[in-house]
Amino acid sequence: MKTTATKNTAILLAQCPDQQGIIAGVTDFLHSNKGNIIKLDQHVDKELNHFFMRVEWELDGFLIPQEKIEDFFKTLIADRYEMQWKLHFSDQPARMAIFVSKMSHCLYDILQRWASKEWETEMPIIVSNHTNLEYIAKRFDIPFYHFPITKENKVEQEEKMLELLAQEGIDLIVLARYMQIVTETLIGTYRNRIINIHHSFLPAFIGAKPYHKAYKRGVKVIGATSHFVTEELDAGPIIEQDVVKISHRETVKDLIRKGKDVEKLVLSRAIWLMLNHRILAFQNRTVIFD
Amino acid sequence: MKTTATKNTAILLAQCPDQQGIIAGVTDFLHSNKGNIIKLDQHVDKELNHFFMRVEWELDGFLIPQEKIEDFFKTLIADRYEMQWKLHFSDQPARMAIFVSKMSHCLYDILQRWASKEWETEMPIIVSNHTNLEYIAKRFDIPFYHFPITKENKVEQEEKMLELLAQEGIDLIVLARYMQIVTETLIGTYRNRIINIHHSFLPAFIGAKPYHKAYKRGVKVIGATSHFVTEELDAGPIIEQDVVKISHRETVKDLIRKGKDVEKLVLSRAIWLMLNHRILAFQNRTVIFD
Amino acid sequence: MKTTATKNTAILLAQCPDQQGIIAGVTDFLHSNKGNIIKLDQHVDKELNHFFMRVEWELDGFLIPQEKIEDFFKTLIADRYEMQWKLHFSDQPARMAIFVSKMSHCLYDILQRWASKEWETEMPIIVSNHTNLEYIAKRFDIPFYHFPITKENKVEQEEKMLELLAQEGIDLIVLARYMQIVTETLIGTYRNRIINIHHSFLPAFIGAKPYHKAYKRGVKVIGATSHFVTEELDAGPIIEQDVVKISHRETVKDLIRKGKDVEKLVLSRAIWLMLNHRILAFQNRTVIFD
Amino acid sequence: MKTTATKNTAILLAQCPDQQGIIAGVTDFLHSNKGNIIKLDQHVDKELNHFFMRVEWELDGFLIPQEKIEDFFKTLIADRYEMQWKLHFSDQPARMAIFVSKMSHCLYDILQRWASKEWETEMPIIVSNHTNLEYIAKRFDIPFYHFPITKENKVEQEEKMLELLAQEGIDLIVLARYMQIVTETLIGTYRNRIINIHHSFLPAFIGAKPYHKAYKRGVKVIGATSHFVTEELDAGPIIEQDVVKISHRETVKDLIRKGKDVEKLVLSRAIWLMLNHRILAFQNRTVIFD
């Protein structure tokens, strides 16, 4: 959601080794070109001596033409500070692919937000290793791609997926309770652009059946964690976490039921942050400018 | 806090293998002796086929004299259902020993509740392996016992502690950030009567320095867990857990500061439940009748 | 969700003036007829001297035939204690009518739970004063009834609604952001069976545009309230409330977006409680046996 | 708590009508004088076209001497943008006066944080209209001033208070459950420097006995609100709010007990924000840079 409904904006996400004068440099670049800053956030990780920044400004009135901003910013600012950075424009919504298996709660939560225009995003494809949820894709008129996965065909199937993703110009992959471990090729191609929802408050209950483990341990809260997918299972940079209280009265079935509500919200909040370019990842941690 | 301010009550905590007719048996025993039930809670663990119950009734008008209730209940009810059970009376508040090391936030939180009569309990002793907090004990006029612990003297010192605890008629031991692992002898003597506060949402971040581990993992919530102490570190039956949200802006120092607030509340809630006889433990899980 | 997946149960909800022996009376009635109690909850409102109870027992093995339980219970128990009571059977799921206007978030949340069989309920009709959401009803193959409302036709239209509701055997009406005040006739006919979601933590911000009011007041939390509908606006017995934190960064548009997530969960939790016969209402308050 | 433990910093809080170039102006002023920015936060209220800023920088290496910063900043920056602003230095901790009546939970919570050096603040006086808590002040060796208040002597007593506050160089007044309405003179003298804790989630349950009102209304959450004191009762700019869930099982006494825990945390969080110069107030709303 844009801060102003009517005006197009540019959003810069940047990080670099910390040094004096970065903010002054960036804001002077914007100000001297008549860029009106709507929102500026910065963070310094003192331990790692690393600088993070998000700045959003109005394109209307900005003296550098939209198509030249990248080039000018790179030359005048980014290269001087050794920045890793990315520029987004509010009039170019991200294209999202949803991966699902058999459970529908996260999928519906996402589709409702998209269909009601709560989110500005394009949703060209739904991908699944099963056909159980194909009827939902049909209800929402979204093309559904079925890639059944076996040990033998996994690599081959993912190659086809990668082709499809490239062809569709996908920016962001959401694993909405997709019960498959994705390969390092996919992870590498979409580094910090694949969001997974894990049904526990990580790092507790990594891997399969976290609600069963939670029940067995007798915990009094359960939770969910959305994170970027990395090569190590359930160990990627955490975007969002939340919990719900439980009691001895709840069975495993109740934990699953209650947990679903946390899962879908924690996943959707992460997607919203991503669609609004509010997440920076560095060394297995995230900086969230909300 | 008693449900009624003015009337003395008896509180029964019981558990046994499940079978038909237990509630009918207990309530008939009470009703036929003119016991007015104020609060009855029960729970059946269907998986383990185990029954749990808490019932509180007014002593005023009850036909069995207070000193004979135990004997009558045992013979007429408990033995028939193979119950593990315990009877408490609201006019006999528990006697609590607080164990501390160097941090004062949990200690003050406990003392404030006791001093302001929020809790009905007796607090005859504070025990510590350091002298740092002795001045607080003095401020509240509570005898302070210093047992410095080394590898060599640990067993010997705990023997002295056990003597002291016995002599003082201690019902409940609270480890209010007591930074020592207690021995199996102490644990066995006060089985399910030693409450510890661990500064993470268990089972995440077991052991030392959980806030440092939480920071390193990049979690977005931190928490605290109060639990009964068992022979295995940080693995006893959990009584209460809570969390607080954190962001990338928080350093380890901030996590420690924010975490303290969760710790003290989660510990004090557990103590309140214990003082009100609302906790039953079975096979590493708790049933909390709140 | 039944406590046991496989067995049919009876659920009794009852309330009456408090007196000694009610629990003993009910449990003896069940026990002497071989009724295995799965869950028993009771509550005494000491101030009003009023007794509340919920008890669930297995029908399998119960000596009184299912169709005669009502009669027997009435004669042997209920009449003696002047009970207001209702008997439910787990194999007879409630029939729910959803009323909507233009916003889809609550509607989808409900439909997803029904379609995925998270809830055991029947959903024969969707009713609306607008046609905006008709396409969603179609997607889920649920008959959609359009009753446009004007000042002039309101009474007449509600009469038609009442006919439809009666004809469809509706047990429960859910106002899922239905932006119309319903008449006293409808309220009276479905006393404590119409659930509304209000988009504030009542009693703050009663009436229209609560998010605008919340923004103007500068609150740091917003919330939602599900409640039974009574003759007085937003003043009925509260079933469930929850909140979410906000900051100065959030505009009214953001409050609306964040609030929707609270609304849909708070409404769905209330419906779940209702479908599982866990709510008793008395004098504008609810007793929730969760 | 300073962001860096070892280095002294300057903290600027500023607000002004929004226009292009403010951030560029301020950061250029700092950068060109070798000021290393530790933390910069800004906010634009688009509706009111108002700009807010907090910036913290290291004094070490800053080319303008500490005692001249105010003058230079005023002339070179503040006056040009018509700023309302205030400069703070991390080596000059605020001096806080606590006002209490008879309840000790907030007072102890504050004193524990001060005594354990969780907060960097000076606490020269405790003021009360009763003597009930004098013994606590004595325990912590803080001078206690008793100003009994009657309708007749109120104005006169507050004059004496104002003298005392001036004499002690008080920066911040905390009403820690001080059960007196303070006069407009005091409010005007310490505009946006008097923090009150109200025991409800405002704007619900304004005025006396909020827990009794909450019980009567049958709400399912209770809360607390810390806010700046203004001339209108319980209507000042809100700093922090939080809630806790309750159920039908809780009596008014239980609400009071549970509410105290929310009150003390919500008040202490507000004080921490104040001590760290993170609050800006404008037109009955606050901007909190946490």
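For reference, chains read A, B, C and D in written order, and residue numbers begin at 1 within each chain.
Keep in mind that, in the parts below, a contact is a pair of C-beta atoms (placed from the backbone, for glycine too) under 8 Å apart; a residue touches a chain by one contact, two chains touch by 3 or more.
Source: prediction; values computed, not measured.
The most distant chain from chain C is D, comparing centres defined as mean Cα coordinates.
The distance from the centre of chain B to the centre of chain C, each centre being the mean of the chain's C-alpha atoms, comes to 36 Å. Of all residues in chain B, those that touch two or more other chains are 3, 46, 249, 251. Arrangement of the chains shown, judged by which pairs touch: all-to-all, with no pair of chains left without contact. Taken together, the chain B residues at the contact with chain C in this complex read 3-4, 20-21, 23-24, 27-28, 30-32, 34, 36-42, 44, 46.
Looking at the complex, you find that chain D touches chain C at residues 43, 45-47, 52, 201-205, 217-221, 223, 237-243, 247-249, 251, 284-288.
On chain D, the positions that touch chain B within their shared complex are 1, 3, 5, 103-105, 108-109, 111-112, 115-116, 118, 139-140, 249, 251, 253-254, 257, 260-261, 265, 268, 290.
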